[in-house]
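Notes follow once the structure below has been shown.
Just so it is clear, A, B, C, D, E, F, G and H label the chains in written order, and each chain counts residues from 1 on its own.
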Amino acid sequence: MRELLEAVAAGELTPAEAESALSGYATTGAGRFDAAREDRSGVPEAVLGTGKTADEIADLAATALETTGRAIVTRIDAAGAAAVQRELSESAPDATVRWDERANWLVATAPDFERPDVDAGVGVVTAGTSDAVPAGEAAMIAREMGADVTRIDDVGVASLARTVDAVDRLRGQDVLVVAAGREGALPTVVAGLVDTPVIGLPVSTGYGHGGEGEAALSGMLQSCTALSVVNVDAGFTAGTQAGLIARQVAAPRANE
Amino acid sequence: MRELLEAVAAGELTPAEAESALSGYATTGAGRFDAAREDRSGVPEAVLGTGKTADEIADLAATALETTGRAIVTRIDAAGAAAVQRELSESAPDATVRWDERANWLVATAPDFERPDVDAGVGVVTAGTSDAVPAGEAAMIAREMGADVTRIDDVGVASLARTVDAVDRLRGQDVLVVAAGREGALPTVVAGLVDTPVIGLPVSTGYGHGGEGEAALSGMLQSCTALSVVNVDAGFTAGTQAGLIARQVAAPRANE
Amino acid sequence: MRELLEAVAAGELTPAEAESALSGYATTGAGRFDAAREDRSGVPEAVLGTGKTADEIADLAATALETTGRAIVTRIDAAGAAAVQRELSESAPDATVRWDERANWLVATAPDFERPDVDAGVGVVTAGTSDAVPAGEAAMIAREMGADVTRIDDVGVASLARTVDAVDRLRGQDVLVVAAGREGALPTVVAGLVDTPVIGLPVSTGYGHGGEGEAALSGMLQSCTALSVVNVDAGFTAGTQAGLIARQVAAPRANE
Amino acid sequence: MRELLEAVAAGELTPAEAESALSGYATTGAGRFDAAREDRSGVPEAVLGTGKTADEIADLAATALETTGRAIVTRIDAAGAAAVQRELSESAPDATVRWDERANWLVATAPDFERPDVDAGVGVVTAGTSDAVPAGEAAMIAREMGADVTRIDDVGVASLARTVDAVDRLRGQDVLVVAAGREGALPTVVAGLVDTPVIGLPVSTGYGHGGEGEAALSGMLQSCTALSVVNVDAGFTAGTQAGLIARQVAAPRANE
Amino acid sequence: MRELLEAVAAGELTPAEAESALSGYATTGAGRFDAAREDRSGVPEAVLGTGKTADEIADLAATALETTGRAIVTRIDAAGAAAVQRELSESAPDATVRWDERANWLVATAPDFERPDVDAGVGVVTAGTSDAVPAGEAAMIAREMGADVTRIDDVGVASLARTVDAVDRLRGQDVLVVAAGREGALPTVVAGLVDTPVIGLPVSTGYGHGGEGEAALSGMLQSCTALSVVNVDAGFTAGTQAGLIARQVAAPRANE
Amino acid sequence: MRELLEAVAAGELTPAEAESALSGYATTGAGRFDAAREDRSGVPEAVLGTGKTADEIADLAATALETTGRAIVTRIDAAGAAAVQRELSESAPDATVRWDERANWLVATAPDFERPDVDAGVGVVTAGTSDAVPAGEAAMIAREMGADVTRIDDVGVASLARTVDAVDRLRGQDVLVVAAGREGALPTVVAGLVDTPVIGLPVSTGYGHGGEGEAALSGMLQSCTALSVVNVDAGFTAGTQAGLIARQVAAPRANE
Amino acid sequence: MRELLEAVAAGELTPAEAESALSGYATTGAGRFDAAREDRSGVPEAVLGTGKTADEIADLAATALETTGRAIVTRIDAAGAAAVQRELSESAPDATVRWDERANWLVATAPDFERPDVDAGVGVVTAGTSDAVPAGEAAMIAREMGADVTRIDDVGVASLARTVDAVDRLRGQDVLVVAAGREGALPTVVAGLVDTPVIGLPVSTGYGHGGEGEAALSGMLQSCTALSVVNVDAGFTAGTQAGLIARQVAAPRANE
Amino acid sequence: MRELLEAVAAGELTPAEAESALSGYATTGAGRFDAAREDRSGVPEAVLGTGKTADEIADLAATALETTGRAIVTRIDAAGAAAVQRELSESAPDATVRWDERANWLVATAPDFERPDVDAGVGVVTAGTSDAVPAGEAAMIAREMGADVTRIDDVGVASLARTVDAVDRLRGQDVLVVAAGREGALPTVVAGLVDTPVIGLPVSTGYGHGGEGEAALSGMLQSCTALSVVNVDAGFTAGTQAGLIARQVAAPRANE
């Protein structure tokens, strides 16, 4: 600890870096950032944009970048993305910023940040274009966890030939995240066609009875195939679960 | 009316036949029997066994047979079926009685009863064996309405090859009733493969969240195909709707 | 295939037309357009305006027109309709555009497009003026599928004489779509009066408990008549189901 | 109070009669009996059979009879009715006992009991035979409150002519209780035909989605007519509300 | 009919008055106005402002005034009220317009319109200030139906003394409408204190579980007193039901 | 630890007593018994009878008695109580067993067991007799935790005078558990009358919409008074929460 | 009373102070203010900002300050706070105003107002930053009731070490309010670690199935620890319940 | 195919073996057995005992044994197990039968059956004894799929030390199935402690609001950790998903 404090005194370490090394947390104006999460649970801490002001997001993103070399923000809108870019252009001008306007995520990395490399394949599958947002979130975080991510899009069961045509690509993955809204039948059909683990990701499309993803969710929970499920629109959760499976595939633990 | 009463006086008509001819109703100890329903709405009146005693069922069945030449009972158990057979062996010893122990229906017909003959095909499709009861109910009533009924069983989507193998048989019908429980995906997949009208029939299998047919029902309501739906386990409703469509196919009305 | 490509090279076919002829799909900036849907399942592909930008709608509509000779858009607002009209005035200046501001649909057709002609009658019935949007959607798509559509409006059961007065018009159709909100009793009353197949279309009027169409939907599912049902406000689904029945009535398939 | 106690001492009053005169309550082994309820709120206290043993019911019924001259029991089964009859044959051998096996109520009265006489008419209406239990409960309690009760049965809307035929009888009442299960449309249709206050009584028939009376209840709550509603199967509540209205009709209070 | 047409020709009757006299309906640009409703069911037709444009409301209100001498609009906002006032200042400059900005209703009457006079008292009771909107709606329509309406406000059970203090005023009415949100306990407490019929009116206050009036509604349905209930915020329904009871109290029908 | 093992060897300690002293747990054939729970969280471990065989209950009760000097069993039926008494008559013949047949609990204590003595008052209040089971459970466990428990019964709001009459007794407690079913209004009325903390205990009476305690629960959650709530029928939870408050009242902790 | 009126006449008492002393209520343009609530039930009356205009809030706040020396407003936005400050700068220029912009409350006190002093500790605990609003409401009102309030923040179970590190601070309180959204596990974990009474406060974070606090609420109701619960986001209720417990701890009542 | 038929003719193959080799299905009196499921989707076909008679189960189990060398039955009761044992003692006397009376499964294997061997570890974790049934089902099927299964029991969060003590065993697995009922907090706490993929398995314990596993399910879906979930009591699904992940860990597929 003495060393850390001397490094801070010498300007070699920012106070945030030191706090996070000591306690696992960095305190920001907008709350604490759990810098140790990735070490503990394998999942990088991300900033959820929903319900935060643009300034709060920018503040947390800058801290994330400073303490872990990377900032991951989900459900961020244009104003939030602009605020982060403005903030980082000052505090971390050499950072690389990627913003996916459609799937609403932003990832910034320091020049020396090295993303983990996990030798396993995650397939992210959609029934149609309206599944793009949660599927994009899932793909992003699985990639940030190091997996080799493949997108297999627009294979919904209303036009079954599309689904069947995709079988080889589906079978070539180590784990699949399958996103579908409305009646949510795609994960069931896919899981009946492959022997890969499938994670169902219900999407909040649909209206009337069973709308907002409830029909898709309950259909996936009732599936007679070996499917596990995440909450409606929970692309981040599906992607991290797939990422953890990929890590395990690449580096098995038990029976060592 | 005078004629009717004279026929009763002469013993040529039973009082029930006369009442039903006059008012469309026959009064029994267990309630009124809507003998005119078939003329008015194309659907033969049936006796719902649920919530009635064996004696009440037998009483209504005998009245139905007497006034319309046929008795249709649904959701009847073994005790009910025995009571009907006992009753009819006395009041109508020459009637023919068919009882489907599995699908829980009973149909009795007088020797001179002629079932309507509707030149159109109704396909009744099941995902698996647990759909047999409502599918059997649907098939029975469509047949009693005169349609040419074909059963296409065990084509659930968990084993997709079975579904695809059945496509030609599915396409050869004028209307399809497709029964499925759990996630209820089969009607959606079928409706995407054929250009025949499909009526989804959700089945009360399944457990936990979305169980008792709720997931199947809401999935069918959310289907992105041109599907209409009936309530959970409502095989009788699905079959009568299919029967009405078959009648219309066989004898179009508009634009005559 | 060679022919197609030569036609493209010769400028006789646009790339979208060729792609759609080869794969059944045309790729646009806003997603894939399922040009083969009508052949496969009897239902023309439509563009759902909800959740798309005006530009995306215009892009998809132009592709639909180019590949199938017709563009059908539902749930389109004024901005969307303006964008489509602007786009088509350039890419297809001789197309005919109809826009129903109240029922929120737009249909554009190429000069040489021939709508199918189905010799069967579809009645679209409303309880009151608040049912106009889904009923309008149902009527439009049934018409586009070629059926002879009749509107029977404002016959809700709160003023029963209106319902009874309409009986002859109701009986003269091959299939009826009956729209009703609040308690949704009209389809039940109608189905008790006619021997035509009736499709119940619940409408999202109403407030408090059972509001947003839930009371109407569950009432129709519980109906003791031979009713099939679609989801709340699913006018497009009801209309396509009626259209498929009309096609079958006009051109029976089984027992040929 | 002194007088009461002297009357008890003299054996002219039972302790239960005295307790109830003093406190409004009579204490029994099975709980307190609210003997003053009728004075306070116009509704006679009744014993709800559900969840009580036959002995407890008998005990409470005997106390009711002793303190108010009448015992009203609802939802009583055969065992309960037998126990009450056994008990009263000893403690009140000259009481008159009526038991409705179908509607599950029992009313016992002392020889000198005088039922109130309310000069107003309550119509109790059913859609079909499955509404008999709650309708019977409603009719019984309205009668016990003194109203002139008329039953109008089997007028469900699936066979609309029956409903219309009953209009004159419906219009001749001061208040109507209308019982209906499944989709529960009858009270709406009736309230559109008459200018009498209508109380909707949903019945727990039906199955699947909206079953157990939920569809009927929400449909009645959504009715666009001037309907008030009670809970599913709450025949006793509907009947007492009708009874209170009848009392008011017979003896107006305001503006005196 | 000839007379009517001659009166139109002579300018003594407007076409709308004539149409409404002949068919009970007047056709407007915004739909049909049910001018005969009051005769048939005792309830004056009202215009529901929700979901209509200001112009549509004004159009319907003018027709109502023209055909029945009175226009009643509920759930009308400031823009709607302004449009009605503008419209009537032209088409019916001598009409009297009352607008309740808080309870969101507007009533316009022709100079010669005579409100019915019903000799019975309706009490409209609130638990607190947040019940004012539906209670105001109920009071307005009961008054328009001719009843003598008394407001008894702010007697919620959280401060029980207030409730008890109001007992005499509560007992002096022929029928009570009791509005309450949150847990909705007031109607139960009131119905236990009086022998007047009570109509519970749940109000959509409250948040979290059971919010938006659901807790109040289900509590009133479960009440162990003789309570009937209307839907959440259905002040108009509660008021018309109370108005019908008041009419019956003032002019009994049965046993005449 | 050595000492403990020597005591076991010497027969001074049973193996279960030693295991529980070492690990806080005693292992039985029917699962682990959390003997240390009371030390850790202030709440004695109890055996929940639901879903266990009579033998399993008896086994766990014997272990509880052996390791903590007391066995508390809830939701136990007659068969379970008999099994416990049989088992204890052998393994602990000098234990005292109390069994409440109505509230379904059983408490057995060793001769030398000393119940804690907490100098604070817990009032357990019921609306009516149907609240007896959960109220009895609450009273039992609060008493076993040492509180001075007072029962205040039958004070439901339908007969408000009873509630008001009880105010002094209600005010004299340190904490109140108030049980009520149906509409569950009593806790709200009580909390408006006293300045004591009130815990609402919803009871699973009631039927139809909001039945099985759901209306009572949501009403208590919506209460505008300072009420906290437990789940439906959770008498044990309400009683332990009251017991913990009583302990705190008797022996405050903060600011010492 | 004469004295009061003379004091008003002499200008020593405002009319509002006199009205509130006489009746417990002060009448304002925006409704009645329950000035006697604190005496009766131990909870100071607060103004709920939701659904009131800025002017109404200001009016009620001024009356509260005038009659009780303090105004407490919850769920107040910036406009409301500005209006109160403007109003009080005129009517009560020497009042002290505190406004918590994040937790949305405002408290104003007269110079001579003395907050009660309750010698007991209330801990207000949060799982994460998104729990800040209801937790802040709870802390504010417990403090205003006089308790010694400690905040223990950011101890959610996803990072369990944080929870365990807080145990000593948690154990040092007399009562705990524990706020948590999403799955709401924190109150259960805390209640398993301490022997202090815990009040669970579910927070309306989360999305999809179980979102808006429903999962947190039902999880807390199902907790196998001795937890009582308030409604979603009901920080005010949780805080007042904690305040009442603190009062009781500081000044026990029973067994005096 | 000729070979197969000759082998049947020669008695070297039973007809069922031949049918299953040809079509992937074996037809039994109780339905079709999907003998090819394991090849296609990696999951062995199992017989679900629920809703089948003992004879049907025995029939299907014998066919499974004959065609795949193993029969797996879930949710089987004592009568079913006896029937299977009776049947196999005749048709396959040398088979080994294991029956888990508590977790309700039965596995029979032919002497030459070789279970797959998957070199990866699956941990099956329970919160308490009431989770034993679904956890047992999960463990059984994961073992039958070849995984190395470890049980980690009784680590519920109400006694947090138990959870923390198990961390090393939890971390040593390749995938975890974590079963919990009531509030279902254990999977969240575990997933925060380890970097292994966790599958949440909600259990149908609990009563009142959120009972029957609904609170556990929605809590797991809301978890802020990287959790995927199966339906309530779906031990078989959780175990097969874990088995598929284990297979992938042992034999990665992508990036080969």
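We adopt the following convention: a contact is a pair of C-beta atoms (placed from the backbone, for glycine too) under 8 Å apart; a residue touches a chain by one contact, two chains touch by 3 or more.
Bear in mind the structure is a predicted one, so any value in this text is a computation, not a measurement.
Student: By label order, what chains touch chain C and chain H together?
Tutor: Looking at chain H and chain C together, the chains touching each of them are A, B.
Student: Compute the rotation angle for the C-alpha superposition of chain C onto chain F, expressed as a multiple of 5 degrees.
Tutor: Superposing the C-alpha atoms of chain C on chain F needs a rotation of 180 degrees.
Student: Over half of the contact pairs shared by residue number: find the pair among B-H, A-H or C-D that meets that against D-F.
Tutor: Within B-H, A-H or C-D, the interface duplicating D-F belongs to B-H.
Student: Between chain B and chain D, what is the separation of their C-alpha centroids in Å?
Tutor: 38
Student: Averaged over CA atoms, how far is the centre of chain D from the centre of chain G? Could you give it in whole Å?
Tutor: Taking the mean C-alpha position of each chain, the two centres sit 46 Å apart.
Student: Between chain A and chain D, what is the gap in Å from one C-alpha centre to the other?
Tutor: Chain A and chain D have C-alpha centres separated by 61 Å.
Student: At least two partner chains per residue is the criterion; list those residues in chain H.
Tutor: In chain H, 40, 159, 191-193, 208-210, 214, 217, 221-223, 225, 231, 234 touch at least two other chains.
Student: According to the definition of touch, which chains form touching pairs?
Tutor: So the chains that touch one another pair up as A-B, A-C, A-G, A-H, B-C, B-D, B-H, C-D, C-E, D-E, D-F, E-F, E-G, F-G, F-H, G-H.
Student: Could you pull out which chain H residues touch chain A in their complex?
Tutor: Residue list for chain H touching chain A: 40-43, 119-121, 148, 171-175, 191-197, 199, 217, 221-223, 225-231, 234, 237-238, 240-241, 243-245, 247-250, 252-255.
Student: Of all residues in chain A, which touch chain C in the complex?
Tutor: 128-130, 154, 159, 161, 205, 207-210
Student: Quick check: in the complex, which residue numbers of chain C touch chain A?
Tutor: Contacts found on chain C: 24, 30-32, 34, 36-37, 40, 51, 202, 204, 213-214, 217, 231-234.
Student: Can you check the complex and tell me which residues of chain H touch chain G?
Tutor: 156-160, 164, 182-185, 188-189, 191-193, 206, 208-211, 214-225
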